[in-house]
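Each of the next two complexes has chain A plus one other chain: chain B in the first, chain C in the second.
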Partner chain A sequence: MPSNDQWVSVNQHQKITIEAGTSTLVDVLRELEIDSKVAVAIDNQIVTQSAWPDTVLHGGEQLSIFGAIAGG
Partner chain B sequence: MLDLEVTDKLMISGHHFCSRLFTGTGKFANSELMTQSLSASASELVTMSLKRVDLDGQRDDILAPLLANNMKLLPNTSGAKTAQDAIFAAHLAREALATNWIKLEIHPDPKYLMPDPIETLKAAETLVKDGFVVLPYMHADPVLAKRLEEVGCQAVMPLGAPIGSNKGLVSQDFLQIIIEQANVPVIVDAGIGAPSHAAYAMELGADAVLINTAMAVSPDPVAMARAFAMAVESGRMAYLAGLGTVGSQAIATSPLTAFLD
Partner chain C sequence: MAEALSDREFIRYSRQLMLDQWQEEGQLRLKQAKVLIIGCGGLGNTAASLLAGAGVGQLTLMDDDSVELSNLPRQISYEMDDIDNAKAFALANRLREQNDDIEVIALKQRFDLSCAKHHLIKFDLVLDCSDNFTTRFLLNQQCVAAQLPLLSASVIGWHGQLLMITPKTLEYGCYQCVFATADDQVSNCNNSGVAGSAVAIVASYQANEAIRFLLGHVSALSQSILLIDTLSANNQLLQRTRNIDCVACGDNRSMIDAV
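Moving on, here comes the complex of A and B:
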């Protein structure tokens, strides 16, 4: 049987294994231990927080996760 | 007599500020010193940047102490080189920090960090339409200040001198024109290196100043933060009280009767 395991890339260098067609954005963020004070873009399209639980990943997507840092 | 405590609040987009000292969170040695300094400054508005989360390194949560102190967050678009970059950054910031306030800064030149006026105006126009409260970092250009105001920016943030240069109000003559003509708050941002510079900006009629480097890199940032708070308050009070006119001849303070006569 072919495996449903696929991967998504996160912030250009890390790859996270997902279950294609089942894993959601929330699952990936949980695995990365990232809280809600971030913004996420998939393939450069911002996904609003309310849509995270319903955003199913299919593999091959590029996730960008942004958070606050010190700055002037 | 002025009743400063009651009447003299700064309002931006319906939000009241008792303190006219805005602060940045960059360059502090650690987050504890940052928190103590910002607390000593009594600032109610703080800036921060947005970056890709470092998945491997340690994640320093700068937001928790700011939110615990009830500070209003002003994310910036630092790193943006074009209007398109800045618009994307603003939308990311709105998602990450749950605020529609944005400090719009677009400076493609890494040496002097001069803000790009054309890209800034383009981005400001779009962001205002997208529902943001836009506070643009800009050169001390009176024409641009009016254009930014006309497209709906809620304040303008002209520079005193290049970011982090500590040179003070190099742009003073043009800041004065901006202040004279503005119908939105003028926040002098960048280049202020000493409390005396901040006091001077306030005496000129600036509505607020934004300080980061001068505070953060001081050997004692907490004391420096307090010094800035006092200077801003002092400068504001002097502006409201009304300064004397500058003349080139002496005008006696005491009666000029010759007491030996």
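Moving on, here comes the complex of A and C:
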């Protein structure tokens, strides 16, 4: 049976294995041990936090994960 | 539209009047414009100075802080003699020296709910140059509720973030649609450091977008967030999406509106 393992890139320098068609953004963040105080974009499109659990990854996506900064 | 420009204003603004995107009509728009700047730190210093120089007719500066020695590397309008003086007043004095054809109002106070009621009116644009998430989230919520355009900039280390929230482009969401939550302990200039040159870059982007907005041009930042990386010179423009459940701009925001 063929593997469904695929890769997504994170912030252009890290690759994470996902299960294509099954893994969600929440799964990736859990694997990266990142809490919810971040913003996430897939292929330069922000995904609002409420949509993370339902956002399924298929492999090849470029994720941008970043926190808000407060300094002025 | 306002009265015509004076001879002195024609001379003062002659180089920018030459720009196709500016011209006399644009200068008159700036002369009529009223901008509120929250925070007179590094971003507020440079952004306010660029707006004053450009001829924005009225600038209101709000900050409850005083100048400290450790501010001087990046808060470039302040001098040694300003230490311990109120930032809002010191910056206002500098801007008045820079351009006496504009009006500058200084408010030594922190932005909070009570002052939002009194001050978030009759502005064409609000600039968030603050240094903490409490102010950033509150200002976003109050500007959305008051239907005031907000241009939010932030900087830390060598990195910056910039986005515009306007009533006309609210389908792309607000600050809190991008950042549902944040932690003040994680990222501010006091605990993480900041490069003065990076602050000036981010503030210049902010001023550039403010001027373009006041001139009447459409900004890509109204539907996106710009991540500025001054280390790699590799900026990233990310498209925004509105969160229908957002406490600030979502479908159930009546609680905020009522404040």
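Rule of thumb we're sticking to: the second predicted complex is superposed on the first by the 70 of 72 C-alpha atoms of A that agree within 3 Å, B and C clash if a C-alpha of one lies under 4 Å from a C-alpha of the other, contacts with A are read in each partner's own complex, and residues count from 1 in each chain.
Keep this in mind: a residue touches a chain if its C-beta (ideal position, glycine included) is under 8 Å from a C-beta of that chain, and two chains touch if they have at least 3 such contacts.
Small disclaimer: the values here were computed from a predicted structure and weren't measured.
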Touched partner set for A:Ser50, first chain B, second chain C, both or neither: second
Partner chain(s) touched by A:Ala68 [first = chain B, second = chain C, both, neither]: both
Which superposed partner A:Ile34 touches (first chain B, second chain C, both, neither): first
Which superposed partner A:Gln14 touches (first chain B, second chain C, both, neither): first
Common interface positions of chain A, toward chain B and toward chain C: 37, 39, 41, 44, 46, 48-49, 64, 66-72
Interface residues, chain A side, partner chain B - complex: 10-12, 14, 32, 34, 37-41, 44, 46, 48-49, 64-72
Residue ranges of chain A touching chain C (in the complex, touch as defined): 36-37, 39, 41, 44-51, 64, 66-72
Footprint of chain A on chain B - complex, ascending: 24-28, 31, 34, 47-53, 55-56, 59-60, 62-63, 73, 75-76, 78, 88, 91-97, 163-164, 210, 212-213
Residue ranges of chain C in contact with chain A within the complex: 39, 41-44, 128-133, 136, 153-156, 159-161, 173, 177-184, 186-189, 192, 194, 225, 227, 236-243, 245-246
